[in-house]
Structures are given as C-alpha cells and as structure tokens.
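Okay, got some structures for you below.
Each of the two complexes below includes chain A, the first together with chain B, the second together with chain C.
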Partner chain A sequence: MELLRDTLRELRYYPSAVAGLIIISLLTIFSIYTVIAIPYEEAITLWRGGENIWYRLPRTVPPAWTNFFRAKKLPESVILDSRQGQAQRSEKAMSDGKQITMNFEFDFQYDAFPDDLSLYFYPTYENKAPFVSVTWFMPDGRELRITDVAVKRGGAFRFGQDEKLARRIKRKIGDYPANVALFLDPASVENGGEPTPLKGIYRLEVVATTFEPEANVESELIVYGQVYGIAGTDHLRRDLKVALMWGAPVALAFGLLAAVGTTVTTMIIAAVGVWFGGLVDETIQRVTEVNLMLPLLPILIMIGTFYSRSIWVILGATIVLSIFGASIKTYRAIFLQVRESPYIEAAQAYGASDVRIIFRYLIPRILPVLIPNLVTLIPSFVFLEASLAVLGLGDPILPTWGKLIQDSLANGALYKGLYYWVLEPSALLMVTGLGFAMLGFTLDRIFNPRLREV
Partner chain B sequence: MTLTDPAPVTTHIAPGEPLLSVRDLRVWFELRRFGLGVAGYVRAVDDVSFDLYEGEAIAIVGESGCGKSSLMRTILGLNRPREGRIIFDGRDISRFTREELRWYRTRVGYVQQDPYGALPPFMTVRSILEEPLIVAGVKNRQARIERIRKAMQEVKMTPVDDFLGKFPHQLSGGQQQRIVIARAILLEPRLLVADEPVSMLDASVRVEILTLLRQLQQDHRLSVIYITHDLSTVRYFSERIFVMYAGKIVEKGPVDEILERPKHPYTWALLAATPEPDPRNAHMFREVPPGEPPSLITPPPGCRFHPRCAKIIQGVCEVKVPPEKEVTPNHLVQCWLYDPDVSPDPPDM
Partner chain C sequence: MRLEEKRLGLDRPFVVRSFLFLRNALTLRLGFAERMVSDAGSRQVRLIILERLPTTLLLFGTADLLLFFLSVFVALVLSRQYGSFWDRVFVALSPTSAAPGWFYGIFLILIFASWLRILPFGDLVDVPPPESRVLYALSVLKHMILPTMAIILSAIFISVYSWRTFFLIYSSEDYVELARAKGLSGRTIERRYILRPTLPTIITSFALMVISLWTGAPIFETVFNWPGLGRTLFQAIGLFDIPVIVGSTVIFAYLLAITVFLLDILYALVDPRVRIGGGHKQ
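Presenting the complex of A and B:
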C-alpha cells in the first residue's frame, strides 16, 4: 500500500507517465460510458441487425468532422421522419378518408451532392392502399413532380432507381442522376461548367390521400450524405462508432485480464518452483521450455478454426499458453537471488510457513519488476487480439477494433481511399498502446531506479 | 504450553543440566550426480558435541567454511542433521512435531550477520517486527504492538514511534542491527544464536551492539551462541570458546584459558592472526598456517589440520583421528600432542 501511494506520488513528476495515465483514464471512462450508453444487447443489434437497422445511413462515407479540413464541404445525411414530428404535417378530412400533407424541409449548405435520396412510407390501412403524390421544391422556387404512387406497407421510393423520374429529370433539367439533378444549380452548368449544388432551403411535399376512415400515412425522407457521424460508416452502412466504442472495453478487458492472468500465475508458479526446488522446479522448467517452443499464434488460429472463435475461449487459451512463458525464467532468476536473502532465513527461523514465505517475502520483492512488466504487457495482448481479428479469427459477435481493420481490408478500404476506415481503429489501438507503454516505462524507472542512470 | 503467550521461565531441565546439548552431530549435504545418485557428501559438521547451559554465552570461532554456519543452521532447525541429536530443554528437536517445532522456534532467536539483508526492504519496522508475532499466533493487534514497543525499548530504539513507520534503508547500520536484535528477542527466546552480529558494522558501533547483546543476555538469562571469526570481539561476550576447524570442534574452553593458553596448533594460528592495534605490528609479518582449509567433501584422514600443522607427528596425525583430551579442567582439545602415549612432552605456546 505504502509502495503504491509513494509510486503514485512520484508519477506526477514524469510528464510521460501523466500523459499515459490520462490516456488510460480517458480510455477507461470511454469504456464505461460505452457500456452504459450502448448496452451489450443494443450494440450487438446495431452491429449485426441487418439492413432494416442500417438503411438510414449512407454507405462507406467518412466521418462528418472531416469536412472541417475540406474546402468543399460534403453533405451530411438528412433524416426527417414524420412520426417523430420532423415534418410539418396537416390533415384534411374528406369523404371516406382524409388528405394528409407532409412537408419535409431542410437547409442544404454543402458544396457536393448527396449520395442518394429515399422516401419510406409507413401506411396503415385495411384494404385500399393510400395514394401519395410527391413534389420537390428547390430554393430558387422551381418544383419537380417526383412520383404519384399507391403506397403499400413497407413501401419505399428510391429516387435514384425510378425510371419515370429519370425520364422526367432528363426532360426538364438535363441528363443527370436524380441526386445531382434535384440539387443542381442551373447557373453552374450553363457554360458547360462542373455541376454544383444550389444552397438553400429544400422542401419535399408528400400529399397522401387515404380511402378508409381509419387509414393513415407516415413517411420518412432520407437524404444520404457523403459524410456521417463522428466515425463514418462501412460497406454495410453500419455506423463505425458502435464498433470503435465497443472496441475499447473489449480491448481493455482482454488486455488487462490476459496480462494480469498470465503475470500473476507465472509469478506464483516461478516462486513455488524456486521455493520448493527439486522436482517441482525441474518440472516447471521443463514444461516452460517445451511451451516456449510452441508457437502461440498458430495454436490460437487452430483453436479459432476448429473449436471456437469466442473472445473468452481465445483469452483462456492465450493465458494458458502464456503462463509457462519466458517470464518464468526471468522471475525465477530474481527469486533464486531473493531466496538466498538473509531475511528469508530469518523468516524460516521464526517459523514462517512456506505459503507465507512465498507470498509475504518472495513475491513482494518482485513487484518492482512485475508491475511495469504487467502494464507494458497489456497493449501487447490488445494487439494480439487485434492481430487475431485481422487474421479473421476475431470474436464473431463482438465488434472490436481488429475486426474493423479486417472488414476494411476485406473491402479494399485502402485501395478505394477510405482511409478513415483503417485509421480510426488503428489510431485507437496505437493510443492504447502508447498510454500503457508510457506509464509502464515510467513505472519501470521509478521501481528500478538504477535504470535512471543509463 | 501455549504459543500465544509463552511463560518466560517454564523449564523442563533440572538445575545444572544444559539447556542445549549437541551430541555426535553430523550435518552432511548430499552431492548429487545428474540429480540422481549420490556422488558424495559435504561433511559440513562432523561429530560435534557440546553443552550449553542456561544464561551462558559461548563463542564458536573458526575461519570461513569451517562449518560454523551449518552448525548454527542446524541448531536453528533449518538444516536436518544426518546423525546425532540436538537436545533442547530436554527434548530432541529432530523428533519434533510441527507444533513443537513452532514452539521451538519461539524459544530460539536469531541475529544475523548482515543487518540490511536480514530485514525485508519492502516492509516497515512495524511489519518486520509484527511478522514473528503473527507467525507465533499472536492474534490481537494491540498485543502485538505492545510487545513490539517493549522489544524496541529493550534494544534502545526510542522513541519507538519515530521508528515504527520507517523502512530499513532509512535506518543506519547500527539501528538496523538493533531491529534485527529486537526481532530475535521479540518472542522472549531462551537461546539466542548470533551469527557474526557485528562483522558488517562500523567499528564504532560494534562495541555498542556487543554491549547491548551482553546486557540482554544478562537481563534475560539468555543462552547465547556467538559465532565469529574475529577473536578480538569474543572477550566482550562469552564465557567459553569453541574453536572449529573443518567441521569439527578442535578446542573448547573458558575464554581466558583459550586466549591465554591455547593448546591446539590451529588456535595458536588463529590467535596469531588476530590483529592488535599496535603501531609496531604494522610491518610485522604474522605467521599463518600454510595452505587452504581442507575440502569438506574429502577431508584429510586423521587429524583434519595435519596438512597445515607445524607440529605434525608423522605416522600418527595423518592416520588416526585425535581423541578429545581434557588438558586442564573444562579445557578440551582434539590433538595428538596432548596424548601422553603419543607425545610425552606436550608443547606450550
């Protein structure tokens, strides 16, 4: 305890340790926040849910904050849902039904065109489907009829895929895809220039006519942007934020459990071997030597391929295989030296038991070596998990940083220039490694003052 | 008999009986060949017998590697004897049960040579001194603190509270050794084993520590085994001297007898090698016995000192082990020179 308090006090004098501690605390707070804000079940649904959960997001777009560095601002997504009161909605009673008018209005101030537009309908009716007519109003007062259609349950209108709309656009605006034509500033193309979007307030009017007294229509307009959220999205329209956030607790838990699990057991085994010596020590040493020859990664790959890719199975296997690792030799060397200390002899002379000697006299002596070791070991296990994920052996359910990298590589992110996809998880991995490394090295300097002179 | 509060003066021995008696003790260490067969033995202690009475201090002197540390560790119960018996308070310690061994360890205190090494560097003085009490089963924290205070006052580490929270490296060598002594007397032992307690200390502190030990010994009527290679400190301390050579006690006797009238040629050599603070000695060449201490694996036959002995009697010393002879009352020596059949005219130093 004393040791711990003194160490913490001394850590203040090392800027790198303070930085490391700040990084680690931020990661910890971030992890706790993640687990509370996106509970496990929700995260799994968000990550594995399927199209009907991800349909609102654009595909493979970088995060919104990248606009800050761009001269031409890319559009963000606009999602307006009449069920949530994001449209001006009015109803007018008619014979046998009513007329519902929904106005979706949004301000568009970007220098690029959105990716696509979709309109989703959520009608309720018994037999006769409601009829909607959709009109697009541009900031300069022009208007364009989009479609007139009877809406069925689960119906959606995709602007970019409608033949009639394409023909109408060609006739009225020019030969552009719908997502360009609807936002085009006509002035920009008059002299054959690059099409640029017109900035201002756009409005989509949906007029629905129902034919039953109880029938109703709600709808949702989605203008898919070219940037999204704080993390961007992947090829399945998933928000990378979920994986990046959940990656933190998973990485920390894996790293910490693996590091503590291996170091503590290794240390106890080394101490027991040294203290009892003879056959016990021989056995431990031979097992260690054999184990050192066994390659960790291929064994984990085998376990992942043939048995289970669950992160807990992999964690267990990692710990089991690392217990009899090279550090047993290091600790043994120190213990052999400590064992000969006169204070151990004194403890034997006043009758301390074997267990007491191991835990009260041998092990505390090694803590100065162990604690920095433990701290620097955490990121190496985090990286191990990421490497396994990159090799396709990540946990099949949990989203982790390594899996993001794997997804991005599998989908040619670097080839397509989607750097954010690779860099975000990599940066988090590196920051994690950096935080623990800075703290670990400083702890090493504090606990082993002789290193300071080197 | 309770472990928690050992009564200070329970004794099983009749007056005049020794507190500790060592009989024909042999401590041999096995040398293994490839971890299997026994290749031989290191005969660290070979056929040693002596008695130690209550309240008596004895000094065991001898050069490095003569087996005095092995003898001490065996008495402390840390080494198993190969043969022979160690009788403490009327009972054989090699037959002790686990419980009896725990009791025995509360009855024997141990003062080590290197005070800094003897104290775990990661514990405070309080924890260091609490350890033996916890091991001995003193459950009550308050009682432990009381006993720590008492022991620290006895070793004159006052005011006690100034030292309780300190780590060993924050103390001077003399203070560290006082803590070691406090730890040794904490359980109110009846036998104190002191292994060169002052050899690692500054000359200025030596006398203080020796005086302290002497005082504790007299106050508590402790029996003390004082192990040293330095004859100059022996006089401060002990009533009898045992001279040990190559695993055997070659000469035993009262301090004055041994220092004034040594009998064994090895003791002569030891005494001759003791430095005296006399400027005239600065350029004087001292005669030391030639050669090295013998191998304890294959000790020389006969008298173990014979290869280095100046007074060797050819045909006897290298053949037969010398018997123990009482030359004057209580002064025993293992040397053929004092056997009238072999050497009718014993030399005198």
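Presenting the complex of A and C:
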C-alpha cells in the first residue's frame, strides 16, 4: 500500500506518466460507459444485424465532422418518418377509403449530391393494397413525377434503381443518375460545366389512396448523405461508432487479463523453481528454452483455425504460451539473489513453510520489477488481439478495433481513399498502446533507479 | 481400409506417430497440400514453402541488419550527446514501439502509396515483372522500401533508447574514465571500452527483437502483400489447407531456432567469457 502511494506521488513529476495515466483513466471511463450504454447482447445484435437495422445509413461514408475541414460541404443524411410526425400529413375521407397526403420537406444546403434516395412504405390493409403517387418539388418551382405504384407491405422505392424514373429523368432533365438529376442546378450545366446541386427547400409529396375503411399508409423518406455521425459507416452501412466503442472494453480486458495472467503465473513459477531448485528448476529452465523457440502468432493461428476463434480461448492460449517467456529468466536471476539473503535463512530457522517463504518472503521482493513489466506488456497484448483480427482470426461475434482494420483492408479502404475507416481504429489502438507504454516506461525508471541516474 | 490405415501408419500408437512426424518434419517431408499449389505447379508442402522462403529472408534479413547497425550508430551518437534535443526526442518516442510493424505499415501505405502515390502498395515486383535482371532488382528494391521502413520504425526507438542507456551506464565506469585520462581518442574509447563490454547484452536484446519480428511475419507480409512464408501461412488459413499451415508453423519454429543458434555463435565471438575452454588457453 505504501509502495503504491509513494509511486503515485513520484509519478507526478513525470509528464509522460501523467499523460499515460490520463489516457488510461479516460479509456476506462469510456469502456464502462460503452458497456452500460450498449450492453453486450445489444452490441452483437447491432453489429451482426445487417440491412434490417442499418438500412437508414449510407454506405462507406466518412464521419460528419470531416465537413468542417472541407470547402465543399458534403450532404448529411436526411431521414423523415411520417410515423414520427416528421411529415405534414393530412387525410381526406373518400367513398371506401381515404386519401392521405404526406409532405416531406427538407432544407438542402450542401455542395455535393446525396448518395441515393429511398422511400419506404408501411401500409396496413386487408386485401387491396393502397395506391401511391409520388411527386418531387424543387426549390425553383419545377416538379417531377416520381412514381405511381400500389404499395405492398415492406415495399420500398429506390430512386436510383427505377427504370421508368430513369427514362423520365433523361427526357426532362438530362442524362444523369436520379440522385444527381433531382438536385441538379440547371444553370450549372448550361455551358457544359460541372453539375452542382441547387440549394434550398425540397419537397416530396406522397399521395396515397386507400380502398378500405381501416387501411392506412405511412412512409419514410431517406436521402442518403455522403457523411454520417461521428464515426462514419462501413460497407454494410453499419455505424462504426458501435465497433469503435466496443473495441475499448475488449482491448482493455484482453490486454489486462493477458498481462496480469502471464506475469503473475510466471513470477510464481520462477519463485517455485528457484526455491526448490534441482529437478524442478531444471525442468522449468528447459521448458522455457523450448517455449522461447515456439512462434506465438503461428501457433495462435493454428488454434484459431482448428479449434475455436472465440476471444476467450485465444486469450487463454496466449497466457499459457507466454507464461514460460523470457521474463522467467529475469525473475529467476533476481530470486537467486534474494534466496541467499539472511532474512530467508531466518525465516527457515523459525520454521516457515515452503509456501509461506515463496509467497510472503520471495515474491514481494520482485514487485518493483514486476509492475513496470506488467504495464508494458499490456499494449503488446492489445496489439496481439488486433493482429489476430487483421489476419481474419478475430472473435467472430464481437466487434473490435482489429476487426474494423481487417474489414477496411479487406474492402480496399486504402486503395479507395477511405482513410477514416483505417485511421479511426488505428488511432484508438495507438492511443491505448501509448498510454500504457508511457506509464510502464516511467514506472520502470522509478522502480529501477539504475536507469534513472542517466 | 486396413491397408490404407497401415500405409499411413495410423495403426501405431500416438507416441510412435509423434516421433515419426518429428522425423518427417526434421527431414522436411511435410506431405502434400490439399488445395495450394506452388508457382512451379507442385503440391508438395516443402516446395511451396521453399519457394516462398527466400523472399521472406530477403526482406527480414535486410530490415534486421539495417535496424541493428542504425540503432547501434544512433545510440552511440545519442549517448555522446546525452540530454540533447534528439536524445529527448528518442526517449519520448520510445513508447511508440509498443505497436507492431504491420501497424506502421498501414500508416506508411496510407501516406506513401495511397495519398502521395510515389511508392507501390505492396507486392514483390511490378506487374508485369521487368525483363532485365537489373531492372528486376531495382523494382524489388522499390517494393522493399516501405516494408523495411515499417520494420525499422516499429523497433528503432525502443532499441536506441535502451542501448543508449546501456552505453551511458558503461561510459561512467572507472576504466572508461581511466582510458579518457590516458588521452585515448573518443572513437577508440567508444569502440574498445564501451561497445565491447555492452555487445553481449545488446545482441541478446536484439535476438529477442528479431524473434518477435519473425513471429509477426504472417500479418506483416499480408499487409504488404509480400509473397513470403508468412503470407503463405495466411493464404493457407483462408483455404483451410492443414498440411501447409502445420508445415509453415514448423518452418517458422526452425527459423527461430536457427536465428537463436546463430546469435549464440555470435555471442561467443564477442564475449570471450562464454567460450568453452577459453580460460585454459591463456
């Protein structure tokens, strides 16, 4: 306890340790917040949900704050749902059913065209599907008939994929895809210039006619932007925020458990070996030498391919393989010195048991070496998890930073210039690694004064 | 069925089979691949691996040697200028070595290949490969810049930091003071009185670093699309080709053993104390 207090007091004088401690505490708070805000089960369903959950989000777009650095502002998504009162809705009774008018209005003040547009319908009816006609109104007063269609349950209209609409656009506006044509400023292309969007208030009118007294129609307009949220999205429209947030607790848990598990077991084994000496020590020495030869990553790869890819199995294997590592030799050297000290002899003289000597007399002496070692080991395990994920051997269900990097590399993010996708998880990994490494290095200097002199 | 079992030796006990496998592994009889084929068209795991081994050795050998000499040089220079600006920079940057090589690789690819477009994304040579030998070598060299840089970046700060600390500790020893008092030149002192006694320690720490670099090869080569042993292992995982996975792992273990063995010999060369019988001759 006193050791801890003294250490903390001394740490204040090292700026890098203070920075490291701040990073670590922020990460811990962030992880706790994540686990509370998005519980484990929810994170998994969200991440593996697919189109049903993420259909509202655009595909592979950078985060919204990148607009701050751009001269040409990229559009954000517009999502208007009539069920949530985001459309002006009016009903008019008719002979057997009613006529429902929904007006979706939004302000468009960006310098680029949206990615795509979709209109989702949520009708309720018994037998006869309601009929819907959709019209697009531009800020300069022009209007365009989009479609007239009977809507079934789960029906959706994708502006970019409708051939009739494409033909109408070609005739009335010009040879552009729907997402460009609907927002095009005609003045910009008059003299063969680059197409630019027209800024102002756009309106989409959906007029639905129902043929049953109880029938109803609701709809949702989605204008997919070119930026999204604070983290952007991936190739499956998933919000990267979920994976970035969940990466933190996973990385911390993996790093901490692996580091603590390895160092503590290594220390006990080294102490036992030194204390009993003879055959025990010999065996431990030889096992260590053989184990040092074994390549950790390829063996983990074999375990991942043949046995299980669960992060906890990999964690266990990592700990087992790292126990007989190089540090066993360092600890052994220190224990060998300690074993000869007079106080151990005294303990033996008054009849302390072997276990008592190992745990109460030998092990406490090694803590100054052990603690910095433990802290410096954490980042290497955090990166090990990421490495396995990048090799495609990450946990199949949990989203982690490594898996994000793997997704981005596998989908050619570097070739396509989708830098945010690579940089966000890498930056978090780097910050985590640096935090622990900086603290560990300083602890090393404090506990091993030989390094501090120079 | 029985015959087949006998032919494959499955009727013998597990221990015997383990030793048989050991013998096969030692003689590089690693069996046949299930799906992968070597560039020359063979299905033998040994040929597949031997074909990829030279590229791995080329890349990692170059990078490790460069790393070693660069680190020793920079560490010596910094130990001379203790407390200077660059010294502080290296000390401050030393925690960045917590990240492995592939991690820096991604950044380097992002900057030099994707953004500036001056160096290739990866691979061994241009497509199509140049005809003449000189151009071929130059092309390989160009493709090696980024991976080598990534390896060096990932390890140089920590090694410079720890080695410079060793140099500083040793340069405050009494015999170094004495040598200085005798009026020996700075260069001689560095070479004979500082470098010589620290070399064994440095070589040990370098050996551990080389081992960790070797271990990281599968992912490193995957990121750089470098057609070496590591990427073979990665491809084998993708194809679930068990003989190749096992074979590559065995070869990796050999490489580690050979590295350590070579370094042990080197150790004996630089540290006369560990030479067997060295004491008797004097």
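In this text, the second predicted complex is superposed on the first by the 454 of 454 C-alpha atoms of A that agree within 3 Å, B and C clash if a C-alpha of one lies under 4 Å from a C-alpha of the other, contacts with A are read in each partner's own complex, and residues count from 1 in each chain.
Methods note: a residue touches a chain if its C-beta (ideal position, glycine included) is under 8 Å from a C-beta of that chain, and two chains touch if they have at least 3 such contacts.
The shown structure was predicted, so the numbers you read here are calculated from the model rather than taken from an experiment.
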Partner chain(s) touched by A:342 [first = chain B, second = chain C, both, neither]: first
First (chain B), second (chain C), both or neither touched by A:392: second
Residues of chain A touched, compared between chain B and chain C (which is higher): C
Touched partner set for A:44, first chain B, second chain C, both or neither: neither
Partner chain in contact with A:350 - chain B first, chain C second, else both or neither: first
Touching partner for A:18 - first (chain B), second (chain C), both, neither: neither
Touched partner set for A:320, first chain B, second chain C, both or neither: neither
First (chain B), second (chain C), both or neither touched by A:282: first
Contacts of A:260 with chain B and chain C, given as first, second, both or neither: neither
Partner chain in contact with A:360 - chain B first, chain C second, else both or neither: first
Sites on chain A touched by chain C in the complex: 16, 20, 292-299, 301-302, 304-306, 326, 376, 379-380, 383, 386-387, 390-393, 405, 409, 414-415, 417, 419, 422-423, 426, 429-430, 433-434, 436-438, 440-441, 450-451, 453-454
Chain A contact footprint on chain B (complex, rising order): 35, 73, 76-78, 101-102, 105-106, 108, 110, 112-114, 117-124, 131-132, 135-136, 180, 183, 187
Residue ranges of chain C touching chain A (in the complex, touch as defined): 82, 92, 94-100, 102-103, 106-107, 109-110, 113-115, 121, 165, 168-169, 172, 208, 211, 214-216, 218-219, 222-223, 233-234, 237-238, 240, 242, 245-246, 248-249, 252-253, 256-257, 260
Partner chain B, residues of chain A touching it in the complex: 2-3, 282, 341-343, 345-353, 356, 360-361, 364-365, 367
